[in-house]
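Below, chain A partners chain B and then partners chain C, in two separate complexes.
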Partner chain A sequence: MRRALGGFLALALVAGAAAYVHRPAPAGAQGGGTIEATVTYNGAAQVETLKVNKDTEQCGTEAKIEKVVVGANKGLANAVVSVAGMKGAPTGKKATVDQHGCKFVPHVTAMTPGEVELKNSDGILHNIHTYSTANPSINKAQPKFKKVMSEKFEKPEIIKLTCDVHSWMLGWIAVMPHPFFGVTEGSGVAKIENVPAGKHTLEVWHETLGKQTKEVEVKPGQVAKVSIEMKK
Partner chain B sequence: MSASSATAHAHVEHAGHHELGFVRTYVFSTDHKMIARQFLFLGLFMMIIGGLLALIVRWQLAWPETAVPGLGAILKETGGILEPSTYNMAFTMHATIMIFFVIMPILAGSFGNFCIPLMIGARDMAFPFLNMLSFWVTASAGVIMLSGFFVEGGHAAAGWTSYAPLSAVPSYTGVNWGQNIWCISLFIMGIGSMMGSINYITTIINMRAPGMRLFRMPLVVWSLFITAILLLLALPVLTSAVAMLLFDRTLGTSWFRPSGGGEPLLWQHLFWYFGHPEVYILILPAMGIASEILPVFSRKPIFGYHAMAFSMISIAFLSWVVYGHHMFVSGMNPALGMAFTVTTMIIAVPSAIKTFNWLGTLWGGRIQFTVPMLNALAFVSMFVIGGLSGIFMASTPVDIYIQDTYFIVAHIHYVVFGGSIFGAFAAIYYWFPKMFGRMMNTTLGHLHFWPTFVFFNCTFFPMHIIGVGGQMRRIYNPMQYEFLQHQQHWNVFITVSALCLGLGQIPFVVNFFWSLFAGLKAPMNPWNANTLEWTAPSPPPHLNWGPTLPTVYRGPYEYSSPESKEDWLPQTAPPVAAAGARRH
Partner chain C sequence: MRALVSRRGAGGGVRPYSTTLAAAPVPDPRPLGSGNADDTGLAGSPRPRRAARLVVVGAVVVAVSVVASVGQVWAQKGDAQAGKSVYEKKCALCHGDKGDGKGPAADLLEPRPRDFTTGVYKIRTTVGKVPTDQDLFDVITRGMPGTFMPAWDVLAEKDRWSLVAYLKTFAAEKLKEAPKKQELPKEVAPSAESIKRGKEMFEAIECHKCHGADGRADGPSRPELKDDWGHPIRPANLTKRWTFRGGASRGDIAMRLANGVLGTPMPSFIDSVEKPEDIWHLANFIASLGPESPNYATLLSARAVGAEIPDDPNAEFWTRIAPQNVPLVGQVIIDPRNFNPAIDLVALRAAWNEREIAFHLAWDDPTQSVADPAKKTYADAVSVQFPRALVTGPERPYFLMGDASDAVYLLRWENGKGVVEADANGPTKLAPIAGGMATANAVYANGQYRLVLKRPLASKDAARLAFRPGVFTPVAFQAWDGGAGEAGTRMSLTSWYYLRLEEPQSNRRFVVPPVVAVLTLVAMLLVGRVANRRG
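Entry: the complex of A and B
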């Protein structure tokens, strides 16, 4: 009986140790690596211009609707790069979207579920109108005296953001289910840090060009570089 | 009739044997006169709140996004500046309170209760306990409605019409419990109103004094009778609709939510099926009040008594088949639209009959410009403007242009302020002596009437102009629209006028309370009027008359009759055998 009990305990210890060694890396784990994704687009930038006839002091006389922004080396800006199928706790960081020059700045914001701070640095009447399906949609005016408004997005989805006062204003908020994401800048590069080692699927979303995926292998302490070319 | 008279006789003798305590006399009273006073105080108190909300709305429209004086202490976060959501709440609650908790309680609740038994020669309502319940249910609905201002997210903000799905999905307005409370309150108010209407109808049908034939009833009683029928049939539609809306919001049903297969247009049909008769619920008692006061102070019989009664009956019938004119732009078969255009134009006919009869009453009369008379004349003239602007909207092509503009806001205010509120003021000044046993001060009455009349017009007439100019109703800041900026001076003018209109009510408040306690003691019949209430002491005692009920021998408007040396001939005056000049 004692032998059997001893054997069982030894087995449990070994199994426990093995499980500990091979446990999935938690978000922000020290043993993770970095993904440096370069998103490119082989086509031309798509920009529409619109004549502005209201609030011209703050908005200017011409509004640019940038559907596809291509920078140096065909780098595609405003693409959300994320690791598919991951889980992780929200970062707790408050995302911020400003309404400046009658534009949503940044044009694309990525965040984990939580609060977003909506600023109105233009000092004119704006209107936050979200087109969401998982989260409650918002249609709230933000007058000039209301410099900051806070809203909560609890469920992951990509939300379109418009202003009913200035019809050309368009922005996006990507609410991600985990903290492994980034948004490309003008060079088309997005960095995702502390990604658990292993093989992953990288997902890229762009408002005009849609979605694309690519496999990537992350090694501990290393930077995994990956290029993704978005197609029409 | 004789049976009820005998019962009443026994009741009177019995009543003399005991005194009711304070609570039974002033709080849970079953006496129709006390209930009338309670409805009056409820309505006047709510009028202050509704009026202040209107001024807040006006401030924002004249000087957008500036601090409203006095609001800094309440809206600390913005320093007294209205946020769009607060603005939406303010106009929603202004209309809700004014319609459901000011005009209805004062006109139908207070004067219905006061006038019906006294003017038909009854000792009380048919169901006194139900009558008491009706007031307390309505008052509870009022308290519930006010509580909405204190819940998280604020009060209802979807407009008094609460169109779905705006009102059905909490996230659309950002209001959660406020809109629920709005539904609950109106549901309860609907129940209270139904209790009152059953009482009014039963009382008028069964409890008229001997000789008080239907066509000897004063026109105000006719108007309240028809109003009660409309209330009985129209209010339950709203009561059901708000219950359905509440279920959509809280239980996940989808009556009005397209996402669950519901139909937002259903709300509009239900709302306006109630809503248009409601307009006549608000205006018919005022028409009756004017019909009562004009002959008294013209010292002439009403012109066309029967035509007046039948025109009210036809208004009541037609009010059910015109509601679609509120929905011309909601999507409607053009043939149906045309039908509603025609019926709406037809309803102008009985309204015009009434107007011409009022003018016919005044024609050649010895007009006494007393304060009640001035208010009644204001009612007639303002109702004409409101009525005429209504004909514009009856026509679909015109309505498509002016719908949801300030032209509509002007129209509705000429009808419900110019009509109902002037009617209510006329009634208060006229029946105050009977209600409270004291006269109101005439100088203060003039100080109230003239600024009210002038600033009412300065406030609401320019709304026609800015409405045709394109200013939409319910917008937060007209300055946001370039095409509206050139008429902003009108918004400033309107708001200044509205503030003066508000200040113009101070003499009324002073007069009301001063007269209540220190006014001259009212004689039994200060206006030398014919109707039965003036044969009872001022104020009438419990059960109104002594052991014997008055007997009615004639119609209510026999002024300057050759039968009498005086220029008035009470309904209780027996006919002189030699004279054959009986009317009605």
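Entry: the complex of A and C
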């Protein structure tokens, strides 16, 4: 019995160590580099507003549908930047989307195939309604007492996420075929680490402004800076 | 064709037939009309053998339903080629030749006809997207209540199975996975306790957001709802179970709650209730919100009362009179037409006393609206229509608010304005009658109007109808949901009904029979005595 327990502990230790070792190595190791992409948009932000007629305590009295968010220096937020044609195992990291303030937070989530945790911090009825083609479409209610749900998206695809109770709620889950991606923040910057050295094509996707590509060369241990301007 | 034959062979254990449409038997109204019984070789047998045949057929049917419920339902049962010719005759007008929901009539319909190429079906008994053949067969057979999709039970059962096979060819790629049965928790019988728990859960999971606090489809999210193709969609009115697309039974309701209505905002709740059996408590509560069938009235009656008739539509008095449900349909005779009317039912309660007559009308309308050009809304309205004078023969004015030769008399109520009496020579030719004698009291709450219209029984002039007890008085109704943009000829309406003012039941019935009995007894005694004396 004791021996079995010891064996189990040893096994657990080894597994833990293996997991630790398997974590993504820091930038520069194994001949990889980092891509720092700055996505800009030379147009105005596009925001629609809507008067809210329910749940104003959680949602506020005015809802914003942010179709294009432009920050400082014309930086475009919520764009998914990825290295085209790459392969790689899923990160195993569980993505999280929260329904908070009657918004999907973050607005755009990028993940490798696997599970996503859907949280309902609002404590009111939401429903997760996805528009997917590669993955099964779902429309599941998430009432106030259902704080967390888990869903699996196994196939690479960019999935639209809506809530029918609050029609302005809109979010995106980008299921990527490899771990070389990032989502731009308010400043328009996204970082992709551990990219194998060499010439690559960067792909940018934005919900309103569509897709664009740009060539980039990654050198071992260096940060390749690249800027991409999205056209209307 | 060879492929078809071999496929038939594969499913042949269940339904072996190969007739094409041309050779198909006449539609058989019996539920067993599969035409397969003849294959057993018992045709033309004497009676005992007929019983045997029935047993065999019964066994086949039981076998089919067992097979269907066990889950091997994806087996081909129909002939897609035969289904195609049925489809082209019966379905293509709405659903389109290509099955894309773009038939010539599609633009007039709301909800729009299904686009079969998407492989998305609202009503399923499965988890996920792929329905069973039985699901498709059931929708064809019973139609989609509350929509333009009629019940096709007039088609032979075989033809319906062939249609199922053909429909699937429109989205073969999307429906290639095997359907996975949606399991339901153990059924809970309806009881006061279960209904109470269902109501708690109804509130906890916020069904009212779309369906409204009383279930009348007036929830705050209603105006925002769209289907997966971006078309506006109305939530179900939970008090009108007979309009539920997937059926009105508790089992149907539980299934809709469990796996949702695909392609619409209605989500799946199987994993989103506190305990699995809450699905049944909810179903029991929803079933308690309204009758399974509207039991439409054929003859309307007004109760004779000796007392005052209250003006308040919520007075207890009105609850003692059973509602008489009258169906309304869209006005599609005169332009602009109303193909998708918002109001489909008016519940009438009527009463009269020696002075006046009162009509209590109740109808569901999700929004209380007044005329507002900015929002493109109009005032909600309703009218009760009579001939101008009592008619004796079968001749009545034109039901659509009269015509040039024969006017009708209207009691027309409008939200924000009240009631007017009017003469009409057609829907656009209304003339108010001077010296109004009618009064109205309306209340609106949780998606329902309740209105009491009153008028003196007698008429002071020839412009209005005088109501007389015991007489069959023609009556018709029109309604407008101004919030849905209905006004003028865009209305919902009925044809003529008859209203009868019940005659008061006098106390004579308690006096006359005993008096007659006593007199008879006296007469018998007299006769007896006279006879005795003579004897």
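Observations, loosely collected:
We take it that the second predicted complex is superposed on the first by the 203 of 232 C-alpha atoms of A that agree within 3 Å, B and C clash if a C-alpha of one lies under 4 Å from a C-alpha of the other, contacts with A are read in each partner's own complex, and residues count from 1 in each chain.
Here is the rule we use: a residue touches a chain if its C-beta (ideal position, glycine included) is under 8 Å from a C-beta of that chain, and two chains touch if they have at least 3 such contacts.
This one's a predicted model, so the numbers in the text were calculated from it and none came from an experiment.
Overlap between chain B and chain C is detected when the two structures are superposed via chain A. Contacts of A:164 after superposition: chain C is touched, whereas chain B is not reached.
In the superposition on chain A, the chain among chain B and chain C reaching more residues of chain A is C.
Of the two partner chains placed around the shared chain by superposition, chain B and chain C are both touched by A:136. In the superposition on chain A, contact of A:67 is made with neither chain B nor chain C. Judged by the touch definition given at the top, the superposed model places A:119 against neither chain B nor chain C.
Steric collision with chain C, judged by C-alpha atoms after aligning on chain A, is confined to one stretch of chain B among 4-12, 256-264 or 292-300, namely 256-264.
In the superposition on chain A, the residues of chain A touched by chain B in one structure and by chain C in the other are 53-54, 125, 136-141, 143-146, 165. Chain C meets chain A in the complex at residues 128-129, 204-206, 209-210, 220-221, 224-226, 228, 260, 262, 265-269, 271-274. In the complex of the two chains, the chain B residues touching chain A come out as 65, 78, 81, 83-85, 170-172, 174, 476-477, 480, 482.
Here chain A touches chain C in the complex through residues 53-54, 124-125, 127-129, 131, 136-146, 149, 164-167, going by the rule given at the top. Of all residues in chain A, only 53-54, 125, 136-141, 143-146, 165 touch chain B in the complex they form.
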